[in-house]
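Here the structure is laid out as structure tokens; the discussion comes afterwards.
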Amino acid sequence: MESKPRLLSILDVVTALMLLAATALVFFYAPVEAVMGQVQKVFYFHVASGWVGMLSFMTAAAAGIIYLMRGSSNWDIVGVAAVEIGIAFSFINIVTGSIWARPIWNTWWTWDPRLTTATIMLLIYLAYLMLRSGIEDPNRRARFGAVYAIVGFVSVPLTFFSARLFRTIHPVVIGSNQPGAEGSFDMTPLMLQVFLFSLLTFTVVYADLLWHRIRLGKLAEKVEQLKLKTMS
Amino acid sequence: MKMIEVRKLVKRFGLKTVLRGLDFEVQQGEFVALLGPNGAGKTTFLRILASLARPALGEVFIAGYRLPDQASAVRRHLGVVSHQPLLYGDLTAEENLQFFGRLYGVANLNRRVQEVLELVGLAGRRRDLVRTFSRGMQQRLAIGRAVLHDPQVMLFDEPHTGLDQDASAMLDQVLREVAARGRTVVMTSHDLARTADLASRFDILSRGKITASVRRSEIDPDQLLAYYRQSLEKA
Amino acid sequence: MKSRAEEILTTEQPVQGRTSILSDYMRALSAVVWKDLAAELRSRELFSAMMVFALLVILIFNFALELDAATRSSVTSGVLWVTFAFAGTLGLNRSMAIEKDRGCLDGLLLAPVDRSAIYFGKVIGNLIFMFIVEVIILPVYSVLYNTNLFNPGLLLVILLGSIGYVVVGTLLSTMAVQARTRDILLPILLFPVMIPIFIASVKASSGFLDGLEMEMISPWLNLLLVYDVIFTAVAFMLFDYIVEE
């Protein structure tokens, strides 16, 4: 049995430290925004998790393409890992978005193009898992997953574009005083630093989780193989 | 001439290896009965030969064409009958053949369709919807579909499945005629008795490999049955 | 002395005509379309299912919303496109299920042509069925709700939107039909991915119904075109991977 690679253990530690550091920065280092107050600080993790969601989606699509070209099941494991983690982060993205929106605009939801697209992306992820769970043959399951990841990925920019076009031509007033409200505010240099560090931290968290999940997938595959060997 | 050549074929389903480095050769004009217990991998093997599935490892050549790269070219020369009829119930016998004829680019289609219908004994039912056909009739039409484009190689996957005595006998007759004139045939079956009169060679597929191969001329029919049973037990 | 069988099986002239690859391709493609149309003409399964369902959906909307001549065009186009989207999944599902259930897909895959010929053949067949339903629904809606839907621009949008829908839908239904959860899976897979088509079609449709200027409508039409082109290319490239084993 392989033991956990040393590099991964180091990465675990680094990730934990960075998360702590990022949280500390957000609460103690970053200035309080003039208009929105403390709540604005949700923004740092909100955008970062949104970014990871997108990154994950890209990873899944890329893994899909490589899987179709090479046929090695390792890439399929990468794809599933990326989707599962992507679901988690997309969910965090949407929830933190709501937390942010409520005190500011007095609503839990805004049909902001980015949020809308993120939600649709989440639905595509979930559809991906449902597709896979309905297929017995592992090879077919992997191929279909790859194809759907690619199709989904191609559709997301188009969805974003159409949602944005929808808003510019028909701004929707949702009971807030700011139609087209996207929570813009000016970022001071300090905020920018914290923002970028949060992005970096979350990317590292993503890499760490992805690695763990891929390892898990490979170990699961090994277990299956051993099962077959002992049974036949 | 080697019509079919397979070397070290490996095929997996997920983590399970179904075909383990299988070697197989068929000369032009041979009629090979591929026997083996259920689950041995016969259908999988046939699907790879039919270009419907890809090998994981190994090489497959049919009529000199390499699979899966030259699959499209190979298909011209293949006629496949599986145990599902592959026919459209809402179309007539005639229309089914015409459809497949168009797919294969068969010349003089109408005449050819008529000929084939006569060959399989369904000329009288040409305008009837296939969903009204019995299983035996559907199988015969399926064979008609498979010879429509005059392929050199024919692959049959347990074609007698679900047929009664009479239908089976009729099927055998068509099979004999189809196998005439130098066609190369591979037919899978789990029942030796079915193939005993038809094949010129008997191969046994067990646990992902060909474990036995014997020509009809080399062995007595009764001995063949015993031999088959023995091989199954050994495997 | 040759037996009759031997005569039949020993054709002097080549059985397969020598033609170019392109005409082989087109012939296979049109054979698939013809086959779908001929079978459908006999059974009328797909058509009646889609038609009845569409009518029911429109009827239900009558009780859910107030649809009449005074209804805003955005609501009208929304209702129409929701109807098309849902009726469409019935057609897509059924069309592929026919191939899968009797193993006919294998029969198609054995043909000596590029796999995309089969894909495009199915797409065109599905498209025709969808058009027929749409073209019937329009006057029915007009009559039921006293709204004038005779608008060439609207027809253009329906054309472009349906193409995008069917192109992606055929690809996804080929996958869905091979899964255990086949019937519910297709809408779940398809709808998130066809949102751009949906938004653009609804917006462009209501634009035409309102008589807006072209410059307001053209961004939506462009979006439809871009989607159609991109996904036709993507589906064309991916179809092989879905049907190979």
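Letters A, B and C name the chains as they come in the text, with residue numbers starting at 1 for each one.
The definition used in the following text is that a contact is a pair of C-beta atoms (placed from the backbone, for glycine too) under 8 Å apart; a residue touches a chain by one contact, two chains touch by 3 or more.
These numbers were taken from a predicted model, which means no experiment stands behind them.
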Margin query: Per-chain Cα mean versus the mean over all protein Cα atoms: which chain has them closest together?
Written below: C
Next item on the list: Please identify which chain has its centre, taken as the mean of its CA atoms, farthest from the centre of subunit B.
Entry: A
Next item on the list: Compute the distance, rounded to whole Å, between the mean C-alpha positions of subunit A and subunit B.
Entry: 50
Item checked: Rounded Å distance between subunit A and subunit C, as computed from the means of their C-alpha atoms -> 33
Notebook entry, point to check: At what distance in angstrom does the C-alpha mean of subunit C lie from that of subunit B?
Noted result: 35
Next item on the list: Specify, in ascending order, the residues of subunit C that touch 2 or more different other chains.
Entry: 245
Notebook entry, point to check: Of all the residues in subunit A, which ones touch at least 2 other chains?
Noted result: 139
Note to self: With touch defined as at the start, can you tell me which subunit B residues reach subunit C in the complex?
What the structure shows: 47, 50-54, 72-76, 78, 80, 82, 84-91, 95, 99-100, 102-108, 112, 115-116, 118-119, 129, 145, 147-150, 177-178, 180-181, 183
Checklist line | Complex contact set, residues of subunit B against subunit A | finding: 12-16
Checklist line | Residues of subunit A that touch subunit C when the two form their complex | finding: 68, 120, 123-124, 126-127, 130-131, 133-136, 139-140, 143-144, 146-148, 150-152, 154-155, 158-159, 161-163, 165-166, 169
Next item on the list: Enumerate the contact residues on subunit C facing subunit A in the complex.
Entry: 168, 171-172, 175-176, 178-182, 185, 188-189, 192-196, 199-200, 203, 216, 219-220, 223, 226-227, 230-231, 234-235, 238, 241-242, 245
Note to self: Considering only the defined contacts, which subunit C positions touch subunit B in the complex?
What the structure shows: 3-6, 8-11, 13-17, 19, 24, 27-28, 30-32, 34-35, 38-40, 42-43, 98, 102-104, 106-114, 244-245
